[in-house]
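Look at the two complexes coming up: subunit A is in both, with subunit B in one and subunit C in the other.
So, the complex of A and B:
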């Protein structure tokens, strides 16, 4: 294990914004921190980077406790949400600056910057300033800077959130090739579950500063451990049926299908999504979402059912999964 | 047609700045004094010939430039320190920030009177302090070699807050992210000051510099109240010289010539400052 967070806590004033966080990220593994805004994911990243210090617990990088080590000495490669490029410097100078302040010789600086520019296909932009670059190009410069740091850990803070959807999809393979295929642990903060599922080996879902569930994307999708995770992971959102004797039953829209032996429902609305269509149903058990093939012609009154194996059950009080 | 909306602003600026400027330029080509019975009579540029050969005008130009450059330079340095301090988070910052602005809010004549009293010989506190340390009388306001420094002190005290405010606004436009990225890159705080803060602050420094240079070059009230231009005209500014010509000698033609003459000098100085700073490589980037 290469990056370990042991019982990490962070306090602002008297309020704990992060508490009892326990995470382990292996070398070469990408862990996504996923959660709604304010859940503590960026705080966690800042603690790992050393930009803030944890009020509790310890952080280990390659077995060494770095909890008290200054940010400067932690050897972290970080990509900021804003990219944080220096606006007064050219791309080449942006990349050089870190090497220079770390006292690397001029010849070595030139060599390393040139090779990372080539790797990122940024050579023609070397003399431009950040303001003269597109969002995607800026992001590549930010990545290049993180690569040049030759870090022990990569931290990516919503690295794609400033890009449009198309560009995001285009950049995913590039990001995987450059950083996620390396030997360092990668922590990837995002609020976009699609991105988390696409990029990460494991996902940690955070809520109100606490770890809600950690596991592979499949585990989170197939066996969500709480109602929160169940409704956070998977789109369209999971159906939560009204609690009966303290148990909430949940069923994913894609597991609901048309069947003559099912319960009778009335169609309220249909969203056509291309390969599929999302039907909003009024059923005796409340409103239901059903995802089905877009080829099917849906009548106004339908009968639907689902396999009981596909149901998820949660304690309605605690929100925890019941098996 | 949309340009019509600019008309009120153009009219206002024209009335406040354009008309007096044109009127003065016109007046500078005329003899208009007690001698002419306060009637403007064209004198074929005699005023300008007189200006070029006027030792006192050039002496005042040098004195005024010295005053402007030294006080604005000091103001920039002190204001930068204050702005950096006020940009940090600490307890009581709000109170200090408000207090910093007080000198600027004070009317110049009032504070100039205050400084005149502070530098007064033999009763002012400075002289009292000097006495305490066994120094002999300093005669600050009556020694032609040092009196100008007293006016610089007054000006620095009064207008440093203004520059500090501009620089503080500039500092607050620099995203915190940049400093954090720099820290992760291995940069130390002092390096951040020189590699990030100062380069990104340059446009604001330039703004403060141009504003204040123009203002300091036209200094009048501070000098008038503190020293009256003395001793031996050693603190006389161009504006004061122009004022004396108009109000004491009632020579409006020549007074206007001095005004226009110093306006041209100031314009040249500003263009020079602008050009020098434009040459600076770092700034070119920051302005983009």
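So, the complex of A and C:
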């Protein structure tokens, strides 16, 4: 294990914004921190980077306790949400600055900057200022800077949130190729469950500064441990049926099927999505979302059912999974 | 709409520039024509005033040089102290920063003329009289509140991410200031420098009391001396010529840096 957070806590004033967080990220593993805004995921990243210091617990990188080490000395490669490129410097100078202050020889600087520019296909932009670059190009410069840091840990803070959907899809394989296939642990903060599932080996879902569940995307999708995780992972959102004798039953829209016999429902709305269509149903158990093949012509009144194996059950009080 | 606006602008320009033009006009007039403004004698236009000022002992450029030395040294000293102070002020907890800013505003509002006797005592005990560079101590001190407040708001406006990115790149505090933060507050630094320079260029009471050797005088004191050279007449012409000559370097400075000054002064006014 290369990055270990032991019982980390962070307090602002008297309020704990993060508490009792345990995480382990192996070399070459990508862990996504997923959660709504204010859940503590960015705080966690800042603690690992050393931009804030933990109020309790310790952080180990390669077995070394770095809890008290200043950010300057931690050897962290971070991509900021805003990219945080130095606006007064050209792309090449942006990339050079860190190398220079870390005492790398001029020839070596040149060589490394040139090779990273080539790797990122940024050669022609070397003399431009960040303001003259598009969002995607800026993001690549930010990635290049993180690569040149030669870090022990990569931290990515919503690296794609400022890009349009098309560009995100294009950049995902590139990001995987450049950083996720390395030998360092990668922590990837996002509020987009789709991105987390696409990029990460494991996902940690955070809520109100606490770890809700951690596991592979499959585990989180197939066996969410709380109602919160169930509704956060998977789109369209899971159906939560009204609680009966303290038990909430949940069923994913893709597990709801049209059937000859079953619950009679009325169609309220249909979103045709190309490969599938999402139907909003009014059923005796409340509103239901159903995802079905886009080829089917759907009448106004339908009968639906699902296999009971696909149901998830949660305690309605605690929100925890039963079974 | 545009026409009324133009009229306003013209009125404003006349209001603020006419004394200057009057001074320029006066500087080219012979003493006789100044007394008889409407006579049409052939001796109206003259360069005599300038000649008189420039060939006096010590020549006028000496005062320009003195003022420049004082201006540059006090501006440098101010920036040297104000930049780190402003950076710290922008990074300490907000409550403490507010208190410090309030105190500095108080200091800035204090009429400094009241200090000059005390300052004179200091100059005497530390032997700082008749020393051009020594003038930069009181000047820097007096400019400090304004400089720190201006620069602190500029530092405050920089995105925090930039400094944090620099930290993660391994830049220590001084390296961050040198390579990232100071270049980025350049416009605010330029406008602050101009204001400090302007203050020291125009300052009168302290310069009057700290300097007595005639070859060390700064412009305002020197100009005042020209005005008081004779008991029987007021030498309007040379006086006007001296003010025009004294204003030219400043005018040039402001012209060169006007873009930075405006962008520095309005920094933080509008969130981009």
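Here is the rule we go by: the second predicted complex is superposed on the first by the 323 of 323 C-alpha atoms of A that agree within 3 Å, B and C clash if a C-alpha of one lies under 4 Å from a C-alpha of the other, contacts with A are read in each partner's own complex, and residues count from 1 in each chain.
The rule we apply is simple: contacts are C-beta pairs under 8 Å (C-beta built on N, C-alpha and C of every residue); 3 or more make two chains touch, one makes a residue touch a chain.
Everything quoted here is computed from the prediction, not taken from an experiment.
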| item | value |
| --- | --- |
| Partners on subunit A (subunit B, subunit C) - clash or fit | clash |
| Touched partner set for A:60, first subunit B, second subunit C, both or neither | neither |
| Touching partner for A:51 - first (subunit B), second (subunit C), both, neither | both |
| Contacts of A:129 with subunit B and subunit C, given as first, second, both or neither | first |
| Which of subunit B and subunit C A:71 touches, first, second, both or neither | both |
| Contacts of A:87 with subunit B and subunit C, given as first, second, both or neither | both |
| Shared subunit A surface residues [contacts with subunit B and with subunit C] | 49-51, 71-72, 74, 76-78, 80, 82, 84, 86-88, 97-98, 101-102, 145, 149 |
| Residues of subunit B that touch subunit A when the two form their complex | 175, 177-178, 180-188, 191, 195-196, 199-200, 282, 285-286, 288 |
| Subunit A residues within the subunit C interface of the complex | 49-51, 70-78, 80-82, 84-88, 97-98, 101-102, 145, 149 |
| Contacting residues of subunit C [partner subunit A, same complex] | 159, 161-162, 164-172, 175, 179-180, 183-184, 186 |
| Partner subunit B, residues of subunit A touching it in the complex | 49-51, 71-72, 74, 76-78, 80, 82, 84, 86-90, 97-98, 101-102, 129, 131-132, 145, 149 |
